[in-house]
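The first chain written gets the first letter, and so on, giving A, B, C and D; residue counts start at 1 in each chain.
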């Protein structure tokens, strides 16, 4: 079979598996966990562009996720605003905040950019807690309705799962297209050699703002879907740990790649639930896994990067290279 | 090369999902069988925070429940059936708590859920609990849990809406009228803070200063300096974390002669250890478990509390704290209701039985639930404590 | 026709005057060389011309309009492309992709079109790839088209940068020491290549240390010394200029 | 507001600020020799505290317990560098930073397994009533923290300017390759910086524990504040880190005094962002290219 054929068939096959899952099982737990995977994939797609391609670190994407979640939670409460409009508004609002933030942050690089985004995220956490009229404070927003698309109410975990994954797949396909065309090349150029990029006529400042806003918007979209699918939003979800985990997914997946971070995202998101996903584990093993989850996650991160510094993508790259030379 | 990469990645995703799928469906079937058998154990789910910021609360909760489960099973179980508690760690994260409850309901077919440790985590479960119609007994103290009434949700701790008015009245009774409030910005502190501000006038006290700090702050002298300049009769502290000890020490450092009063969340040994001699004279309201004699020696409540303290100390080498007590009560509420059910125990019949709980003596007090009240405790269960010589004594 | 004109251009770094009151013209279709000893201010001048740095005084006009204070990307869009003394290739991208980035200003697709990959976008992408291959053949780097930028030998990196600069379809090409690191045969090939670029109608301003190459290809030469223009004229005159010989050629002879 | 109150606010700010500074110093030390941010730095602060408590609990005298805690933490820091970072030292800052995040997760979790989830108290170094200064009160332990910060800054400055090791560290920070050409054992320098940073963090953690108690999760917040301090001051320079920490602490304390205690973190962060937007390289940082 030619490589090209495999290249077309495998993603189609994977998409079919994803879409066919609700026909095979009705396990609500499985759908919930996989919904988390899909939501993270949407954020990761944006972060892969921002960080993996353009090399701009953000330790604040949990905050954009939160902005999206609270916007939908606030707007759709009591069915005041239709779900679709609220979701779009959440996406746009997150992107706008990202845009506004990116303007002054243009001058910052590396660790300083990391600190600035982190600081923004911490400020947002304070607002999430204090702006009680909108966010419900520490008690959070509850009873956020399920997504409604025209006459269809998507009110089952299976339905929500499908909605989230279809969104994620669309986002990933678009991101995959993007990196292979003009704007994607410009992003990689920005990361590779900024002077060279400018000499190629790339408006690096504008590009930075654009990609930051785009990735913030995607995080907002994921947050919006999170609010509708979980039905409950509270400030502790949008933590620094979440932002750091997202960045870790990109690095573990490999920079300059979409597929790598996707694989890392699936792996890292499922890791805490692994005890429930492996059939027939004895009770002792389950409680051991739960107790040592953070250690395992940390060690996995260290080991992956020790043995594959290019992340999953680097690993696959070197495997194919070895295959090619044979 | 590029296609090859995406191929491998997608295959990886598909494989992981397939593994997940086979795992879940397999487990789901096993679970449903276990739930139906006549002699099969009663399956109860428990969602506790064993990691994350509430790990210090969730761990003793799990210990108390495990201890009681073992005791009941060793004594032959309930109605001749064993009790099996399936623990889930929510890592102090509402989203994880929600996944955990879905698992307990879907794969483990539990007939009741105990948990969660925290208020946010408790609230996150509500939709799933309602859909499944399974009773939930929370160990978190947030007022919202039972104030936003839900027919399936019960609560064992004294929520702030009971403790705060009691505390404010106690201040008034002691002639401490000008109150300076300092609270943390976490859920528990904020809840208490709001109720204090709301209840001040009714109780006849005046709020002369209102300061906050964040969980994890290392120094409150700035806030206390402001409070000092308001010259209050008393500083009222509302939080449950380790920062309480810092507040006590900072007050002493600033040479403030004003008494410090706290919340039930400060009824922990770690506070006394952390604050050292600055803890002396610290007062707070809490249930009677800290000094069981408060129940009156020989009363049933006294005996329950005494036995729990003895059992727990024997099993784990340390005295239980109030969180262990809340967990003990939650488990007691569920198992007591199970005993009272006639015929097959279902989530619905269990819920009804829990709601019918009346005069159940736990370590936090005597529980009497009703169709309107799912907290089941009253101010009667509270007493005022003072710390003296590194231990708790009643402050009459 | 004058393509580029500078008037009284100056740039100071603290106490050091890197470019001191420099005025010159570059006429259409010529290859003009900018020479001078190390530290004469050639690279600083290039940076001023391309918007990477701002002059403290003076004016730059391109095709009759002032481009003073324009950002680099605007300068490129106007029609000036450059290479760097320390090459600025995108190491993680292939050589062909490097040249495609150079086409940034000629292509249209933004974020929306790029992610949707509309038929029109696909068609222009295909055309762009063909053009990139053509340019790589022109500079003689086509056999490296699929290698990552990082794996390309040093001399070839400069050629790739030339191809990348040409990709923006410039009217004026600024080359900063393109022959550094090339052997004799390669330098000769470069000269041929530059003549072909000139024949295609692109004006070239080149900074170069290889005097053989400079004398061979340039129509006019400007000599800078410590920031000042000390001579300007055709190669034969420059070779005889006493000030130039004193300031610069002597140094080269001493080195050799 | 009376002047003694103002002084008290200032002291309060300098108290928190010195804690931030001590953690920030560790960040800046590692950054200077490797160009990376060590996200596990906060965990060394935690380790210093919990190990010192553990030492006291097994009956060691307090000074010995602290020394043991610092030495063990330094050992952990060195081991971390040898095992988890050195094999990948040529892989770029990003990979190394994510590895330090992994290490931090493991250290925190292992500490929870070893010492439990509850907070632990450490006795004061020199118990006694607070020291009064013009009507403002200073806890004796705070004097220790200030003293340690001062000693650390002077020590590091002397180390950098007066010793061969310090010169080697500075050379390494400028360019690993050049330093290696000059015959400097850069791997050794990096290892020593990690050990030193870990020791410094642990010492800070032990010094702060009597004031605040400590627990397995004390590292995250300390790390956050220390990182902010190092960035605010400008990475790579000990004095800058201390300045950043003190400024941050005083900012927080003054926002409590004049604005609102609820928004003190937000206010200090907004100011931090403002400083960064105006001076992208921090207060004392030199502008220039970064290694990320």
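In the analysis below, a residue touches a chain if its C-beta (ideal position, glycine included) is under 8 Å from a C-beta of that chain, and two chains touch if they have at least 3 such contacts.
Since this is a predicted model, take the numbers as computed values, not measurements.
Each step here moves to a touching chain, and the least such steps from subunit C to subunit D number 2.
Greatest Cα centroid separation from subunit D: this falls to C. At the centre of the protein atoms shown, by the Cα-centroid criterion, sits A.
Centre-to-centre spacing of subunit B and subunit D amounts to 35 Å, using the average Cα coordinate of each chain.
For this pair, subunit A with subunit C, the centres built from the Cα atoms lie 42 Å apart.
Centre-to-centre, using mean CA coordinates, subunit A is 33 Å away from subunit B.
Counting partner chains per residue, subunit D shows two or more touched chains at residues 109, 220, 262, 265. Among the residues of subunit A, those touching two or more other chains are numbered 126, 130, 291, 294.
Within subunit B, contacts with two or more other chains are made by residues 50-51, 185. Under the contact rule stated at the top, the pairs of chains that touch are A-B, A-C, A-D, B-D. Residue ranges of subunit A in contact with subunit B, taken from their complex: 3-4, 6-7, 10-11, 13-14, 17-18, 21, 24-25, 27-30, 32-34, 36, 126, 129-130, 137-140, 142-143, 157, 176, 226, 230-232, 234, 236-237, 257-260, 262-263, 266-267, 270, 272-273, 276-280, 283, 287, 290-291, 293-294, 312-313, 316-317, 319-321, 324. Looking at the complex, you find that subunit C touches subunit A at residues 50, 52, 71-74, 76-77, 81-84, 88-93, 97, 100-105, 107-111, 113-117, 121, 125, 149, 161, 164-165, 167-168. On subunit B, the positions that touch subunit D within their shared complex are 50-51, 53, 55-56, 58-59, 185, 211-214, 216-219, 221-223, 225-226, 228-229, 242-243, 245-246, 249, 252-255, 270, 273-274, 276. By the touch criterion stated above, subunit D contacts subunit A in their complex at residues 31, 37, 39, 84, 87-88, 91-95, 97-99, 101-106, 108-110, 113, 220, 224, 227-228, 231, 235, 262-263, 265-266, 269-270, 272-273, 276-277, 280-282, 290-292.
Of all residues in subunit D, those touching subunit B in their complex are 1-2, 5, 8-9, 11-13, 15-16, 19, 109, 112, 116-121, 130, 137-139, 208, 211-213, 215-217, 220-221, 252-253, 256-257, 261-262, 264-265.
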